[in-house]
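As written, the chains take the letters A, B and C, and residue 1 is the first residue of each chain.
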């Protein structure tokens, strides 16, 4: 078939090229993976009117509609207006007239303005889950307003607890709800249920003190999951009401250097998390010298180096007293090609002014 | 101040006899006069309390056979004569000694189950005319587990008919086999119905001995057993020893078999 | 004599009462629940009327005030035990009828059983004055009417909480002066007459039926379902079981405390004797032991069922095992056995 399509531009509007000639797949943002059910009428309409009658739950919890003809894209984009405004503006408080925090006119009939900031994935969190420590939906929506719209890439996964079902360890930023646990020894009967639960499901930080009949804890290695709270028959353990988070940095998949993220921040407040993510646009702009390219966010951290990244991402962020920050960061990549990073100096990728050619 | 039934009273240890490596007999100075088969709570500050049956009594003292099996008893084993043990009690209902009068008495013990009947056996030994005859079957796991060597020898030499046995091992003058295997050797027919049977030992031993006795035609209401249960208070409050409506610490530890057979934990 | 007091007046009465009494009532502990952002309501000292949670059943029972989860019973040195001093100020304890009736049940064990009176329970019980909280109806776990524990006259005052104030019946005259000048009212407390949930306690006519019931396969269901955490017994209004534990501090201690700590027949090890032998090694056996105690064994000994139908065991069970359904299954099994045995 004879098409004249700017695939890059279409992709920026969240349309993915299909192997089927002339067809594209739309990806609808679903921040945190939760939307009011009335928005499914849009899904139904798009799939039946323009698509192939199916939708796919995207790997980042988007609603995907394959089998849409290139020619129909303008009509679908126009139809999306209500969905985008409802989800992004009303639900998440996104300012659609900005791009990477700078004023930028958005034509509301033109569909999604950018694909860079990927849909924020989240588990169902403590709105439902018995393990969840935090409201992941709420966090995802707050983060959405900080990263979207933007052409700078970032993948954020929000996990309600350290069990990390949403794989915060595989995203540029993994935000994990953790709880400092309060002990009420006067309610403790020394039954050891928490010790067993921690041993079975967490990091073995609890032990029964034979002299006192109470529980000893190695707080250093506590992951803040709350399994002890769940296991306790007397409510001798409780989650401290102050909501805290762990931030996992630099996880990714990919053909070159997949790796699991490492702990960047621990026991930080929501304000710290939002402050860090708010700096992402500025950091990315600096790293790419204000020339956005289709490049996953984690690579920018590599180019800048961890220390430079840390300095810039924590700029102006006031850490809470409990906060811990990684002094160093030693990722362990899967190097499909051995010594993958060893190459001629002129081939090294760099960050900062003048770095992007 | 109200009376406090769980208040431990300090008592001096007079003598410690090593019955076996793991089982030591503690003689403690006290004027308390328990009935045979009753128990007391032994207490060591910092360690805790344990119910121990009284295994012997004399003028101004009581004896307790203590097995080193846990935290509490490990510390008790560090004590020396002159040191303090804390006691409270006696508790529970002991052996129906009156019931045994002028009867043929059969006593079957397993391991340290000999301790709770030792006081009663001594009485029967001291007063040979109290009952018509005494048959004693005492089984132990192995040679190391034998306790009260001197008493066993004394009773064997005296008027008791004795069968001493090790579960599997051989020992000169001793039999080999579980105590249940010797039940049929008791001349039940010669007793003409005028007998009483006392059984005490580990729970499985008592269960199977009970069944074996009934199989040999022994009447249930003539069998008595002593139960060992976990206890914390010994005064019917803590609930650990309860079986059905029965509190072993209050209503036992000695039960008639007609009752005992229904006491399924 | 009954009165109506505004919340403000009630707070003034309360602060006057606090000069003489410690006041315990159900209180909300925000976000201390088993799951994130859930609360716990349990008994604690209160100083304001607003602190009292009256419209929701507490997660933990009133017994915690009288018979706490943990208490020091002795202080000791190597040569001496000294009984702990205990509470001295009289107590006003806000409680619903189930919780008040539960103290009759606990008292039979602590004050009477075996002829021994427990010092620690007795001295605390002496200090207690119940303030009846009129029950607004409980929830779907409640079955007090089935157990006959929906009513009580064992209180010094009765209270009905409302939006704009409290209605109070003063039954014990010594509290009348606190209400001098308050508006008279004709309030008397109402009692719940019917619960949404009903329970029929099985008739177990003799030991043979009991034995067969103990061995009935119905208990095996709980081997897998019940997690043996003991939350039901801690939440129970009537469970009294405890264990004794000596507590010492430091490496070479010469002094310490002997504590009484709540114990649960549902937790493995409850029946273990020295040497490691234990009874009831499966969750199903432990469930059977508990349920028969509440709905049969206690009654054989003391003449009344132990359970007061507060339903807290059901509410607190992390495995969704409701006591009411279990008793129903037990009743069905008992009927089946009686038919088999021709009884």
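Brief remarks follow.
By definition in this document, a contact is a pair of C-beta atoms (placed from the backbone, for glycine too) under 8 Å apart; a residue touches a chain by one contact, two chains touch by 3 or more.
Computed from a prediction, not measured in an experiment: that's the story for all the values here.
Summarising the inter-chain contacts, the pair of chains with the most C-beta pairs in contact is B-C.
Put simply, the chain closest to the centre of the protein, by Cα centroids, is C.
In this assembly, the chain whose C-alpha centre lies farthest from subunit A is B.
Centroid to centroid, with C-alpha atoms defining each point, subunit A and subunit C lie 46 Å apart. We define each chain's centre as the mean of its Cα atoms; on that basis subunit B and subunit C are separated by 38 Å.
Inter-chain spacing, taken between the CA centroids of subunit A and subunit B, is 69 Å.
Multi-chain contact residues, meaning those touching two or more other chains, occur in subunit C at positions 245, 248, 253, 263. Taken together, the subunit C residues at the contact with subunit A in this complex read 29-37, 40, 42, 59-60, 68-70, 229-231, 233-234, 245, 247-249, 253, 259, 261-264, 267, 316, 318. Touching subunit C in their complex are the following residues of subunit B: 1-8, 10, 43, 45-50, 67, 69-70, 72-73, 84, 86, 202-203, 228-230, 232-233, 235-240, 242, 244-245, 247, 249-250, 262, 264-265. Every residue of subunit A that touches subunit C in the complex is listed here, in rising order: 126, 130, 132-135, 160, 177, 179, 182, 186-191, 193, 211-213, 226, 229-235, 238-239, 241. Those residues of subunit C lying in contact with subunit B across their complex are 73-74, 76-81, 83, 109-110, 113-114, 116-119, 121-123, 207, 210-211, 214-215, 240-246, 248, 253, 256, 258, 263, 265, 270-277, 279-280, 285, 289, 292-293, 297-298, 300-301.
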